[in-house]
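In the two complexes below, chain A is the common chain; its partner is chain B in one and chain C in the other.
And now, the complex of A and B:
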């Protein structure tokens, strides 16, 4: 097959790419998805760490999927389950004890009483406040992004609507939000609590996956960003390590095929063809070409604009902006295939469990103080899940798989991911004696390994750091937050666009809408 | 027990500015100062041998020219001597000079990196555009977008219009300037470590943040938005030390009939119902006034001097949470000869005359910040060294020089306990040996030495936690959030008590803007009362 013609090419079959492709196909476009790896799904797919043992690749706790995607792609029909249960978090403490953060804030408060009466009193109100603030942010995350171009009144109205969506929750709420959103999560917590263990656990949630420490300003924003991605309006916070974990990708693949999307794997793209300022299609690594007036890239913006597009087609300012996007990944990943269940505390919860090792704010901050210089972290913070507890199909009966996110791991040449694997093993052994002997297989990835495996620049899960100066109207590049690249017919749909990463499919749906809107307005006739 | 129109608590520069404007408007004004000298952190300390230490504050740029004109401070002895150059020293004997002449600076940058020289033009233009946007906001009360008060709506509309008028690209630049770390912001433009280290240093003074911390970029504006005699971005020394600003202000206060009393410590604000009616002094004396204006930081104002039961609960909690964090140290030195900074070429003497910083690169600063976080003073601190006597003959005898050193980062308390005289001396030792590394022989020329840790700055000068700004300059404590949300327009929850210090908009640094803005609000309230 040397040359094909189609209506749209999707570079990369990650979850956002699949969402965008399916949405466009359901509107009647012929769409071809080109995935470089042997399997589509990107970082949201599973992999077999050991014969018979399956692990999620990166994201091991999933937020609620974008409701528009679920509705418009009819994902429920293909197996995506809507309701997901909130996880219970067990914070493992250095003295061997633990503190449980239950989905029910009052239950957590009861446990906290043993540590601090004041903290027990403050916790439920704090949780309510956080959720209310995440609720207030959600319209911002879900919506498309206006430009600061007021010659188009729609931008002004869109900004006004967003401002009103926050203001209408009440003056005090707005005032509180405007004040705390730029604070550090450490300050937010230390103003209210004294128990190190509870503060460490919340602090980890704020910084995991970002290039920040808990004392960095704006980490209340990153915390709310994470919480808002996890909440459907009005329902309880939820995350899934249950059987919906592998579902989004599987459901998406089925929905895509049913809509007529052609998915080619092992099909790496070499370049995006551009003529006279507009896309013509792509050239693949194997030399074949595809003609298409629309090209949507699920790859990160830096890869897309500096590797797949020839420099001549982008002006110098834009190129400079793209190169300045901070994509340095800071999260490591360790996966295990285990002969039996580790001896970790398992509170009866009815929902998924995760364990964290983040005994204090200072502990997490000290870990960050290493990674910011590109150094390995001797005592990292960990987020641990055992996917096989919720999904027995992950491993043979009685055996298990474990997935660990590591805060932090540096993106540097000298970093030894295996050493990190050993460190993590020793840390878990301290809390679950006998753990090391049960290991049948272990895989450890630092940001460099993640970059190589998934093609994401810097090994950064969000394709670009989540930070206030790389968010909303300036993500990925100022003036280009609307999923369109400066080349006609070229779009971006991956985590490097608004609202960032997290397996929600929001980027994909918004990008598809931009493509379809442009088609309707005659910007790019097929 | 005479009745005044206004009592100002604290004779720091902002208190004096407020007092002068109120007196000029015809009010009967009394300034009460706890210490024996006025000026707060802007005072000149006369020492033995003809040396004058510019005790805390040491350089001038941000002081509002409007105030200098309105109060005719030149007539009262204020003279700012601009410096022609400044320099940043690296680790390996290298230096990067900046000059009051933009082209000279550009050529000097080109010596390090031709690419950076090109970028410097763009950087300077971008920063200047941001300064122009900010400057009108300095002498205005901050409008509050969360209240929806009638008075705020036209102000917000005007602000929005000015913002939009910058053009789309500049608006995004503004958003990023206000949210980026100074490291990320500078990395966009420059590659040279010395250039970035030099600029980043100005962004972390008085903060509890490192250059990699988000929210440090806009502090660069402080460095560029002042002026001396209309020369934007220029810095200078107040002739006679920074105390001459305070004494000029005191002259203006007295010229308009205001009174200033020192050794008069206020121990409580007097109230009647929900109104403040005066002050009670340590001596037992009570003085009444229609308005009381506090230039002290909000914790002292509201938690120390206000009766407990008078404050709304939410307000009290917000004040308790207000962060006065980001402590600094100061070392003042009398020398019997000029130091010889080896890296500075002999044919560029002007580079000695402005600030000499030791800030080799941004990682150096971040590691110094890490030291502070772990509860110790930085062993390789950021040093901002000035030798004002090189251009101001009044602060040292003919055969000597006065050196003043500002140090970041120094914690208010140490991990192993409180500051003691021994630890203070050890800290001083760190500073001196770091300077000696760059200016061999300097230590032998020391004839008088004063080392001030945050402990001294708090105890003696009244700077809580040794923070020079009366509160961190981060977005959650700026503009309509300063000092706390809902009370950012110089008034508190009680009638008759106003705030005018650095803990109000637009923040710290020797600007005088908070004092000016507070005075305008007070006069406006009085006019309304008269009209009613």
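And now, the complex of A and C:
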């Protein structure tokens, strides 16, 4: 296999890479997926933390998978279950108490009454507003991005449709949306509530996985971005239980194999070969080459365009824009294998549960202050899940795995991830006495470890921060939001493209469509 | 006390006292002469004897290193391999969208040593383009002083001064010589469409250069010229200029204002045979597309009034505007450079030009018939001979 030929090469076997590869293969292309790790699946796959204990690598809360991907890849046939749209959130409070946020707003309101009658009254209306605004944003996330080109009819039509999808919601809602998307989530919350616990929990959702604190501008946007993915239509309500969840990666791998996709693991790509402005294939770290007129990169845009492609082939302004993409990861991850279920409060929910430690906006913002200056966070905010509750296959019977997202962890050389693991253990111990003794294994990653493990630049989940200035037409960089890099035959399909991160497969399906459209037209669209 | 805002070039101590009008203007932070005495006489000297224009404020970048040629080929639209050591050439450069950033001259001293001369600051753009290459890029504007010697007697002046290489220095040739003990670089380049040379020296040698040239000229004299006279000559020659015929694409907000080299008649200066360069992809798409919407043209108008800032009409439809206009002393005509929509850019097309002027203080308008002609109005054999 010193030199092979194929129709398309996929760099990176993460979920978007698998989606794109499968979609292309189903249209008759010969596709080779090259995965640097020993296992495909990227951040969405599971890993074995302790013999018999499996844990989702990064993505422990799964939003709904892209409907077009599910349909076109027939993922249902391969065991993909509809996403579960909302978890029940238990906010653990410093006094040992807790506040539960149910998927049902009225139920949450009833619990809130003990804290504040005003907040209880405001909560359902606030939820309705957020949902309406997330709905308004969703067309932007679900579609491909039109270009700012008014001379192309098809494109003009797409622009018009998009404008209308927002405008038809009425003048007032459009005005509200335009106002709130630029606001900080702290301002939005403090305008409506007085209970720290509820504000802290919502604030954490707005900033988790991003390089923002709750007082950073446009964190309402990041909240809506997250909600729009989670609350997508087609997800089943959390109460419809009974199935065990299946990691989408397993379904994707099966679908890919069934479509004839060749998946090579342990195959790191060294460079993308370009001649005369056109993609010719890839060179692997072991020196072998693969000839292919199409290369689709699931790697982040910065790595793809500054490391894999030689600078000779790209315009200076494009490279400068790519370098300017903010990719600083700020989120840590701690995984546990546990001898028994920790003693955390478990309200009857009938759906997935998660626990958060984010008792107030100030708590989260102070944690952010540390990471802003590259320091370890003494008291981070946490999002805790126990995947083995939903999927008993994750751990031996009676035993459990726990996955914790840590807001925040700095991307710095001096950062000691294991120290963060200890901090997190102590924090959970405070709410679940005896927890520390049940730990069979613990693994803690800061952004640097995540970067090394998954090849995500900066260790950023989303391959580039989620922010208004890195969204939609300007993601990954202005003028290149259509999955096409400015080299004939080179495409991007990772989270660094529109609509961003989250295990939805939207980026992958859109990129595959761009490839197939260009193939059909015999040449690429501008 | 506030320091003077504009810097003085090393020639200022000579040229300052010669400027009878005391009319100066800004050029990249330097004071540069608008006119010394009378622009008509200064222009006449360009076409009839020899003139000197201080081009020190022009930005000068020294490019050196193993990857210097590779860097230049990433930057410019022409192929630097077609410029041998000891030669210079004119070239535009573009951004990734194929819009022109600037045009200027590239000197090739050796395989790996170059100088780029242009009107705007380009260091950050050059550094961005040089990403990953082993090349050194220095702004040497302050270290190098330069005089543009233009006119039919310019060669004669250099020979008298003892720069014998001028005798057979070809058009766009470059020679590194000595004027007595002073190192000088002479290039056969210029902005006037006439026989002319540019002489480049270390800044500290500027005054000595002038004195030696003046001594060589003896009673024939050298006429210093200001920007007005130069502008007349450059429009006659049909040379484009940043901020006149096109804006710098980097600082232009309105997309429709950005110009492509195809619109400016520079398609000859785009070499698609070489590998990727900034804007190649976009330029290729432009080339394969329906063609530029605007074109640079020359206009000839009746009467003596220059059609400055005139809107051009075909019937009631505005189809273009003039970018620079003068009364040409050589052609004895009112001429203008203009950007015109492509369907109206063919030679011989007649357009109506709205020419504004003031009679006493009252703003007047006359509608003149402007005829489209090639934008290189003059072609003097001595320029290249």
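Just so it is clear, the second predicted complex is superposed on the first by the 503 of 526 C-alpha atoms of A that agree within 3 Å, B and C clash if a C-alpha of one lies under 4 Å from a C-alpha of the other, contacts with A are read in each partner's own complex, and residues count from 1 in each chain.
In the analysis below, a contact is a pair of C-beta atoms (placed from the backbone, for glycine too) under 8 Å apart; a residue touches a chain by one contact, two chains touch by 3 or more.
Bear in mind the structure is a predicted one, so any value in this text is a computation, not a measurement.
Once chain A of one complex is fitted onto chain A of the other, the partner contacts of A:93 are absent, as it touches neither chain B nor chain C.
In the superposed model, A:277 lies in contact with chain C only, and not with chain B. In the superposed model, A:344 lies in contact with neither chain B nor chain C.
When the two structures are aligned on the shared chain, A:258 is found in touch with neither chain B nor chain C. Taken together, the two structures place residues 320, 479 of chain A in contact with chain B in one case and with chain C in the other. Across the complex, chain A is touched by residues 70, 74-75, 95-97, 125, 128-129, 131-133, 275-276, 278-281, 284-285 of chain C. Those residues of chain A whose C-beta lies close enough to touch chain C in the complex are 276-277, 310-320, 479, 486-487, 526. Chain B contributes residues 145-148, 164, 168-169, 171-173, 175-176, 179-180, 184, 187-188, 209, 212-215, 321, 323, 363, 366, 370, 373, 474-476, 480-481, 485-486 to its touches with chain A in the complex. Residues 147-150, 167, 171, 174-176, 178-183, 187, 191, 212, 215-218, 320, 324, 326, 365, 369, 372-373, 467-469, 473-474, 478-479 of chain A are the ones touching chain B in the complex.
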